[in-house]
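Same chain, two partners: chain A is paired with chain B first, then with chain C.
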Partner chain A sequence: MNAPAYNNRIFAEGVHGVLRVDWRLRCVTPLAIRNGLTIGYDETKINKGRGLGVKFRWREPEESGYEVAILHFGYEIADGSLQTYHYVPASSLRGALRSWTINHLVRPEFRKDMMPPEHDDDPEEKKQKAYLNRMRTALNDPHSGYRPVASLFGLAFETREEARDLAHAGRLRVDTKRFAAAQPRAIAINGKLNDGAAGPANAQRQMTVRNPLDRMTHASKEGGLHHFLEFCAGESFAAQLTILNPRPADLGLLSFWVREMNEGLLRLGALASIGRGRVQITEQSYHLWQRADLTPLQRFESVPDTSTGEVLAGLWCAYRLEAARLPEFESSLREHV
Partner chain B sequence: MHNPNPFDFVPFAGHPHLKTPEEFDALGPAVSGYLEVKLRALTPVHIVGYQEPGAKEGYSFLYRQDDRPCLPAASLRGCLRAFLEALTSGWVSQATPEYPKLFHKRHIGFRTFEPLPSDGKRMSRTSPPAVNSEFKPSIRPDNRIDVASYLLGMVIEPEGGQVAHEALARKAKVWIEDAFIDQQHLVKQKYWVPDIKHATQDAFMGGAKASASNWWYLQPAEIWRRNVRTRAGFSILAEFVGEKFWGRKFYFHQDPQRCMQFYHPNSNNWRYSPDRPFYPIQLECLEKEASTETFRIYLDKIPQPLAILLAVCLFPGLNIRHKLGYGKAYGYGSVELSLQSSHLRYDETRPPDLLQDFSAKLRDWMSLAWDQSKLAASEMPVALLDWQALGHLARILGRQEADKLLFTYPPFAKRNFMQPVTFEEMQDNAPAGIRVNGHVKVNAQQGRAFAENLFEIKQPIHFRVYQEKAKGWSQITSRKP
Partner chain C sequence: MEKLLKGEGLHNRYRIAGKLRTISPLHIGTGEEDPERIPRIQRSSRQGGATTAVQVSTVIKAADGKPLIPGSALKGVMRHWLLNVLAGVSPEWANTHDDEIETMNDLTQEEQIAKLKNYSWLELLFGTPFHEGKLEAWDALCLTPAISATDNLLHWDKISLTYVDTSVAIDPATGTAKENLLYKAEVVPPGVEFELNLTGQNLSEDELGLVLFALQGFNSDLYPIRVGSRGGRGFGRLQLIPGPIYALQTAAEIRQWIAATMRSYRTGVTKPEEAGYFALPILSEQAQTSLIASVKHKFLTALEARP
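Coming up: the complex of A and B.
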């Protein structure tokens, strides 16, 4: 008997449960999350001195000066002034989770060419049709591993026709909080804190250098010397994942995410090749709110509403999972791949 | 008899060894996880964090991160990648693209991967590429890449109007973390490297820089007749024009304390002039025999045969050891990695299995270095290796008798780098059958013959001839992997 085709109407019965995951992530190694902008800095020339006399200007680089890529930041109006703060954008964490999931859950033949082709590259839409066929095949195969990915992260397509039987919003939402300001807040260079205009003050950063060597001469490759900023190891931030209508397989996937992040195999940001982006989940909590007429997920214990202070308190029943029991859901995920 | 030069070259093979990523993927089951390793200093190790000048000596402080001394991951990666590229006839991932002609500084311009035409007053000439352009990293129509790019990633700089695109970047499958050093293993005021000071110019201590006007970095191609203005008037000199790089450069191992004695003014081996006086740079080092703290090297879905290759590169057998950091020419930076633990898995199941202890398997893999038949039996693709390059790497990076050999730069002195060769001297010493009236092309044998005949006038004309006539050369050539 053929497996049923993928049903994209995942909210046909409405939302009947919300799982809230709270994590605190601590940077075990430095973290480089950039936003595409650069700032200028001055460097006092000292004969045969290297790395001394650097002064940052938290503004666009001047034509004749030095520049360095800066780290992601946001801004708000507080106390009548514009305040900036560093944070890891939710899209960065979400993207890392999605990428890991595709690379480890989805059958190899469905891992590539699963992004919509560029229109400019495909005037007769042959590539677009091939892409849709691949997506349909992956989604209609219950063992492709693609269904959990689609269900959590959602599926989007270019046109209504394509979207009709495949597209839907995802059940997962990711939010992040700004860095916790746990360490001295200036920019460190070669171990020394720099006193220049440091920009957002809620995370310690460091400026690191790469200096590739020419393979034939071992001289510094011309134009190769470059600096970059990164968040220091030890910085931490909170993240919240919300999953609508959670299933046991979702918790199984969460368990893998936690383990793989703690092992360092699921990293955030750029420069994993030089060890950046390893984080450890130092705190984790799992709360479930569910319609009263439904049986809660296994292993969740009922908790009084008043303990959570949440908007759903009093409306739905509240439950909590001991973090240590999260791995018990992993077998549920295996049934879906 | 002179000491051999502190570095030597691993010659390029005819072509790079390339495969498509899919061909690499298909080599075997994928392995993921991490190794925990320590790095031990066989000689003191220094990576520059920052330098401070002083009146009579300079100071170079070890690299720090978060105020903790460390050997940065980028340095460890670079060391591994350079070795891997040479071993597997890989692309030249880092190369200065052009050495332009500069008035009074560089007489002949050249490019690494492309020809460079120039119009001189008397002649036009196109310098050919110094390296076969096939060794330049590129996005190929057949999508083939070298092993180093497959394992360590690549970013290919867009050229001309080309916009940066994902096709120009490939994610690494080997991730290396920083190696931190306990403060108690640092030593100051004990080790130094020689340098020279000049009142107004950036003085430079060390061997010649890459130039097409000698056969030190580039192989013999031509001899030119060149009019040069000197203090005595005009001289007609022989210019030994080179075209192709000898190969990829690596430094020999040696005892830095013996080497420093050689360069110290008190030894009278090395002459320092009053306007370029001796100026040592004191180095803050990871002390000899000390180790870093444990650090991690990650594998991200690497086919097992290439995981074996990675293992033999990280732990390269009985004799070969790597060099890292500053002062390699003076013996600093000889290092050895040791495996502390391994946490790996075969990454074929969905979702993935737990990481397990692979130490026994790792040690089996390490023991394969460098037995070709055993490596083949393990299904490591031995055809990917340049076995001749391995022989050269063993000569240069072999530790046999490293404590007994001394490697020093040819001095800037008579009969050495300072020595010009007049055109007449060159003509008088031309090999039999070669008449030189003006510019002359030479092949490899002829270039060697010229250098041998002129050796009593100037020793460092031809790099290979200089090395082969050095003290201890037979011990070096007898080194095996």
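Coming up: the complex of A and C.
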């Protein structure tokens, strides 16, 4: 018997509950979340103490000066002025979770060519249709592993009319908070803190240098020396994942994500191959709010709703899952692979 | 109160004022890109030395160059949130009849109106392809003044109160950035305030309660209303800061208001509080709370009545 085709009307019954996941993530190694920009710095020559004479200038580097790649930051308006702050964009975390899930849950034959085709001069319509057909094949196979990915992260296509039976928004929302500013806020160079102010002050950063070698001569490549900033190990930030209309398989995935992050196999940001981006989840909580007439997911226990001013209180009831019970949901993923 | 359409006389009218403040980045796009939003990239001589325009997706702005939240966006997200929350409660409260568009076209106007009166409160309030809704959402204009930046790394524009955010797509198969999928967009930062104005006419108590219930959705911690794009990655959160709700609720109040307004014109003494909206009675906070509680109670009753 043929399996039913993928149903993209995942919100046909509305939103009847949310799973709220709160994590605190601590950087075990330095973390490099960049934004493609560089700033300049001056370096006063000092006999001993490399890096002690560095003075950062929080603006674009001058043509003949030194430059260093900086980290992702944002602006906010507070107290009548524009302020800056460092944070890990939610898209970074979301993207890392999605990539890991595709690489570990989706069968190998369905992983190839699963990115949307590039916009180029070749006939685009033919490429879009081919991509659409590949996605439809993967989604209509209930054991491809792709359905949980699509359901959580959503599906979007350029050919909207033809993809009407597939496209939908995802059930996963990711929010991140700014770094907690628990450590000294300056930029460290070779283990020493630099006194000069340079941009957002809510996370400790360090300046690191890399120098590629020529494979043939084993000497330094000309122009290869480069500096970059990275968030120091020990910095931490909070993340909140919200899953609409949660299912047991979602919790199974969460369990894998937690384990893989804590084991260092699911990393954030750039330079993972040289040891960056490992985080540890130091605090985690799992709360479910669900419409009053519905039975909660198994293993969740009812708790008093202590929210104040929440408009959905009373309509939705509150439940909690002990974090230690999260792995019990991993077997729920079996039906999708 | 029976179900009324907007054009069935003037039975009551409300104006809900307030502010919306961004608490996360916001991008309500125009669908267009601006190649001059940031300076062109100068390629190195090895790369040909030419300058390359960088396309930046722009946010919707008012004539003064400041960002705005279109009334259609506000109305749309409120309707969407209500439909999602109430979809499983009862079709009396929230339903859609999009599949009836063709058959409705074949009916007379009287037949269409009779059918509309059996539609859900949500549809009556927000409108359908066959009738104008009773809720108007004005464009939310920006209240935050121009602010300068001490650095221009993110191409801060002090008039539009936007900076440029850069995103990249990573190919899961290779773990590297996907070519041609580096994209930039204007973003309104947290802390920017917009003026909220909603008006409603011929609203039943349940419909007014529904509107107030939906407005609280902006401040929901569990399932907040989000506006604009990238809601899945933290964008689009707004905090509602309630203002007064002006209410003309009875025929007597309407007559009194008209008389007071005309009197102020005759005497030539027009103080803001004696004419127009500002002379309207204000709905108390207690009354607002009571209206929200009433509709929530009815939602729960409807849930309990489900088979």
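We adopt the following convention: the second predicted complex is superposed on the first by the 316 of 337 C-alpha atoms of A that agree within 3 Å, B and C clash if a C-alpha of one lies under 4 Å from a C-alpha of the other, contacts with A are read in each partner's own complex, and residues count from 1 in each chain.
As a working rule, a residue touches a chain if its C-beta (ideal position, glycine included) is under 8 Å from a C-beta of that chain, and two chains touch if they have at least 3 such contacts.
These numbers were taken from a predicted model, which means no experiment stands behind them.
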Touching partner for A:Ala324 - first (chain B), second (chain C), both, neither: neither
Touching partner for A:Thr208 - first (chain B), second (chain C), both, neither: first
Which superposed partner A:Val311 touches (first chain B, second chain C, both, neither): second
First (chain B), second (chain C), both or neither touched by A:Leu333: first
Partner chain in contact with A:Gly224 - chain B first, chain C second, else both or neither: first
Touched partner set for A:Glu13, first chain B, second chain C, both or neither: second
Where chain A meets both chain C and chain B, residue numbers: 103
Interfacial residue positions of chain C with respect to chain A in the complex: 24-25, 83-89, 94, 144, 147-154, 156, 161, 163, 165-167, 169-173, 175, 178-182, 189-192, 213, 216-217, 219-223, 230-234, 237, 292, 296, 299-300, 303-304, 306
Touching residues (chain side chain B, partner chain A) in the complex: 7, 9, 32-34, 48-53, 58, 61, 63-68, 72-74, 77-78, 82, 85, 92-98, 112, 130-131, 152-153, 171-172, 174-178, 202, 209-210, 217, 245-249, 251, 295-296, 298, 300-301, 328, 343, 347, 350-352, 355
Chain A - residues contacting chain C, complex: 11-16, 18, 20, 35-37, 39, 58-60, 70, 73-78, 80-82, 84, 89-91, 94-95, 98-99, 102-103, 111-112, 114-115, 118-120, 153-154, 169-170, 172-176, 199, 242, 244, 289, 291-293, 307, 309-312, 314-316
List of chain A residues in touch with chain B within their complex: 29-30, 46-52, 103-107, 145, 188, 190-192, 206, 208, 210-219, 221-222, 224, 232-234, 252-253, 256, 260, 263-265, 267, 272-275, 278, 330, 333-334, 337
